[in-house]
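Each remark here refers to the structure printed beneath this line.
Note that the chains take the letters A, B and C in the order they are written out, and that residue 1 is the start of every chain.
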Amino acid sequence: MSETLLYLIQQLINGLTIGSTYALIAIGYTMVYGIIGMINFAHGEVYMIGSYISFIVIAGLLGMGMVSLPLILFIALVIAVLIASTYGWTVERVAYRPLRGTNRLIPLISAIGMSIFLQNYVVLSQGSRDVALPPMISGGWTFGDPSLFEVSFSYMQLFIWVATFITMLGLTLFISRSRMGRACRACSEDLGMTNLLGVDTNRVIAMTFIIGAALAAIAGLLLSLYYGVVNPFIGFMAGLKAFTAAVLGGIGSIPGAVLGGLILGVTEALTAAYFPSEYKDVVAFSLLILILLFRPSGLLGKPEVEKV
Amino acid sequence: MGKLYNAIFSAGIALVLACLMIGVKLDTDGTTLKVHGASPEQWSWIIGGIALVFLSQLFADQIDAAFGKIPKPNLSNLIPEGDKMVRLKPWLLAGVFVCMVIWPFLVSRGSVDLATLALIYIMLGLGLNIVVGLAGLLDLGYVAFYAVGAYTYALLSQYFGLSFWVCLPISAGMAALFGFLLGFPVLRLRGDYLAIVTLGFGEIIRILLNNWTAVTGGPNGISGIDKPSLFGLEFSRRPSEGGTTFHEFFGIDYSSTYKVIFLYLIAVVLVAFVIYVINRLMRMPIGRAWEALREDEIACRSLGLNRTAIKLSAFTIGASTAGFAGSFFAARQGFISPESFTFIESAIILAIVVLGGMGSQIGIILAAIVMTILPELAREFSEYRMLLFGLTMVLMMRWRPQGLVPMKRPVLELK
Amino acid sequence: MKKFTRTLLSVGTALCLYGAAAQADTIKIGLAGPATGPVAQYGDMQKIGVLAAIEQINKAGGVNGMLLEGVIYDDACDPKQAVAVANKIVNDGILHVVGHLCSSSTEPASDIYEEEGVLMITAASTSPSITEKGYQMIFRTIGLDSMQGPFAAQYIINSVKPKNMAIIHDKQQYGEGLATAVKNEVEKAGIKPVMFEGVTPGDKDFSALIAKLKRNNVDFVYYGGYHPELGLILRQANAKGLDARFMGPEGVGNPDISKIAGEASEGLLVTLPQSFEKDPANQALVKAITDKGEDPSGPFVFPAYSAIEVMTAAMTATGTTDTEKLADYIRANTFKTTTGELSFNEKGDLKEFSFVVYDWHADGTKTPVQ
């Protein structure tokens, strides 16, 4: 294999890894949007809180002398998902539910306020410094010709891919098979009608927030293991990127969010690979604008039918 | 009984939320990460907070009733109606204007400076109001046009030595041009897709300004931007070459307060101008078309209105107002760099428009003042400042979802 | 009742008088910097230094019979708020300021201080452009990027002699300024960097950048910026098997980088001001700071401390608080401070400020390179 090809493969691996985490966060945006048509700006902060909780649990368990890595990760996952879901649920209850039925910009502002609040809440309780964990899962495979270019694919990257895949599979099954999933789909078709048919839509909406937050917490755990660093400001940028991914794929569509996340991640990696890396956000946003010009509802979004 | 259950449940949730965030603190000991428990003082705060949640849930009805007794201020009722308004209006406006002009001479320099900042946000709020409030287009990248205006003045002043007054219309024009160029392709997108595209555009402009070091100075920004002059009179302590200063011309002692007051007065005039223009526009067919388009797009098209032209005009005029505000901001700061034009700025301007009651100019002016002064007042709370700011945004939305002064449309009724 | 009112009035008047008297006995010193926001930790360093200095000086009886009082202003490192803060400081009648921290806040604020005759000493803003406008009232007790960049470059040219050098920066005033200075200097010596590019501050993923470094066979990287990004770059470079040595400025030189990068921070080169907290002469002070539960090792703690020392030494020598006289005195004289003997040039910068190249270790300690 030539050196150029090996380099491209390496960058694709990098892009898909970061893309899958965008996808996990993007699903939270897209589900909430699909059901109540609202951009949940505080979602990025829930991801940040999920990362912090994972850190706290991992550090706590290590401090107690636990050594079994799978067990630590499993406990961290369960607690992070539970707590982040509680946050997601509370945010919905406090900041959005009282505003249901108002102009759709009102919850948006409330969400921005919530996002500022949560960020500073974590700054005040945990400090604004980076906290870091030593690498938990290290090592990986390398292939390619050492004299040309050596491609590395770490276990951690594989772990992220697998975890993302399993999560997506679980979510798809949940949405398509379970009773609650059916209710979710019904709500996204027509909220008012679903309500009339006797489904407790408030519960469904709360559930959506809980699922979104749980996925964000999974992303938080994966990324905090991958990068090993967390600070209270990571939520904002991650939220922005994930939101972009959701829109790119067609907001409201779950496969769209995944596709959008992967495309965004790969675009960023390739831009950084072949151009000065300071332009990667410019290219990512320009790509978004271009795609929307040709497909105004995103890649997999349903074209809006105008009705009188 | 349900009440008690509810209260216990809420307190339980609050306990869970607080325990793993405030109750434990991550800390590094050497290079290993440790978890510490919170201090007894923090625990007492947590317990206090939980007790508060418990009680407020338990007595939710009583509290609601108590709050219900406090009359909600209905600011829009304070504005007289009909004929009385028509007669009073010119006097009222003149009175307000005179107060605005006299006021800075009576108060401290810091307050005048703060008022100038508030006036910049009023301009921005009014401009974004055209796009969001009147035309109903969600713009999350409004700060891009603000940046374009600021950089236009800064660059023209630095490279060509043009004065503030020459650059003011040019800045507005440049911002309008950018608005036009962005608006032309993207305005056919629906609501939230438009939102993200404008957001992306705002980020693109900021990153480009940051990377184009050769022209914009990149992250170093542009410093030493000239302050505006009054018919060629400068407000500095020492005149520049061939210039005359204000205090020498009038033979009074130098005081730097003059400059602050002068900037404030320029801002007052600019805001008055913007309000005047927007009010005229709103009464013109184009302004009616904006609102009509917001209310029902399909009906508008059926009536033969050109959808793209109307949206584009709103977008362009909104952008030019931001350009105005931007060039004034550059003049007030004397230094600009890309970090003044981040997404959070767009979000705050949008919050001003929504909090003011979309479409309502008086509401937006009030909201801009509130949003500028609130963080300053909260300085007393030092590190709790932004926490309270975020909380206030949430509470304000709950308290008055329709905005401080909801917009009132002129209504004609057949009797 | 009448009597009661009269008593109340007289007590009130007495209190007012007492207040006014107390007022005259303190010199208020404004401390402007970020107390909130992402760089608040650097603001803390400045605060620790200033408050420690004020405490020490007050303990020794104050200046000219007056006590010092620190008043903290938060600008969150936002240029817009910095202007508001500067105006508020002028408004509050404060004539002596230590701050601001970020160069982008210091620049617009120093314009106002200069106009208003407020004496400002920054202990942390290193951008050369701040003092280029010929200010009277603006000083700094820290070295400039334009001193540190060439110093690092000389070390690279003479000792490292890299084959394929890359320069990375964080697209901020501080980082890019340093990176450009290093680039210009090494190019003069005939070393052509194979890469010169920026990363986004706050970014977490540098895998694409590291693959690029690997592809270009880079064996030495100079990084202009702060520790959070470099820490992650080091960590990820280590995991990806990039075999290159890194070097950074004082913005990366704090123990947090070893927390982030762990083993990967071993062997990092850092240019730092001399570590004043290691100076035997400062041990009493270091103890006083650690006793309060604060950290004396931040790079801005001692420059902030010496800013107060310079200010008060000038006040004692001139016997006034008049800022024009103080500014003239500071320009003309040499001051003995905890950061060594300081003297200022016409622009208000330190005449000399020495840097040292340190070898960083994975446990967050450092040793000077011979």
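Just so we're on the same page, contacts are C-beta pairs under 8 Å (C-beta built on N, C-alpha and C of every residue); 3 or more make two chains touch, one makes a residue touch a chain.
Chain-to-protein mapping (UniProt): A, B = Branched-chain amino acid transport system permease protein; C = Branched-chain amino acid transport system substrate-binding protein.
Fair warning: this is a prediction, and the values are worked out from it, not measured in the lab.
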| item | value |
| --- | --- |
| Closest chain to the centre of mass proxy, which here is the mean CA position | B |
| Chain pair whose interface holds the most contacting C-beta pairs | A-B |
| Inter-chain centre distance, chain A versus chain C - centres from mean C-alpha coordinates, in Å | 37 |
| Computed distance of Cα centres, chain B from chain A, in Å | 30 |
| Inter-chain centre distance, chain B versus chain C - centres from mean C-alpha coordinates, in Å | 32 |
| Set of chain C residues in contact with two or more other chains | 36, 40, 171, 198, 259, 262 |
| Multi-chain contact sites of chain B, meaning residues that touch two or more partners | 28, 31, 33, 210-211, 383, 386 |
| Chain A, residues touching no fewer than two other chains | 120, 123, 127, 131-132, 134, 278, 281 |
| Residue numbers on chain B that touch chain A, as the complex places them | 13, 16-17, 20-22, 24-28, 31-35, 132, 138, 185-186, 188-193, 195-197, 199-201, 203-204, 207-208, 210-211, 297-299, 343, 347, 350-351, 354-355, 358, 383-384, 386-387, 389-394, 396-398, 401-402 |
| Interfacial residue positions of chain A with respect to chain B in the complex | 33, 39, 49, 52-53, 55-56, 59-60, 62-63, 79, 83, 86-87, 89-90, 94-95, 98-99, 102-110, 112-127, 131-134, 240, 243-244, 247, 251, 278-279, 281-282, 285-286, 288-289, 292-293, 296-298, 304, 306, 308 |
| Chain A contact footprint on chain C (complex, rising order) | 36-38, 40-41, 171, 197-200, 202-205, 207-209, 211-212, 214-215, 228, 231-232, 235-236, 239-241, 256, 259-260, 262 |
| Contacting residues of chain C [partner chain B, same complex] | 35-36, 40, 72, 74, 78-80, 83-84, 87-88, 90-92, 104, 107-108, 111, 115-116, 127, 129, 133, 171-173, 176-177, 198, 255, 258-259, 262, 362-364 |
| Touching residues (chain side chain A, partner chain C) in the complex | 3, 7, 10-11, 14-15, 17-18, 120, 123, 127-132, 134-135, 138, 140, 142, 149-150, 152, 154, 156, 223, 227-229, 231, 233-234, 237, 268-270, 272-273, 276-278, 280-281 |
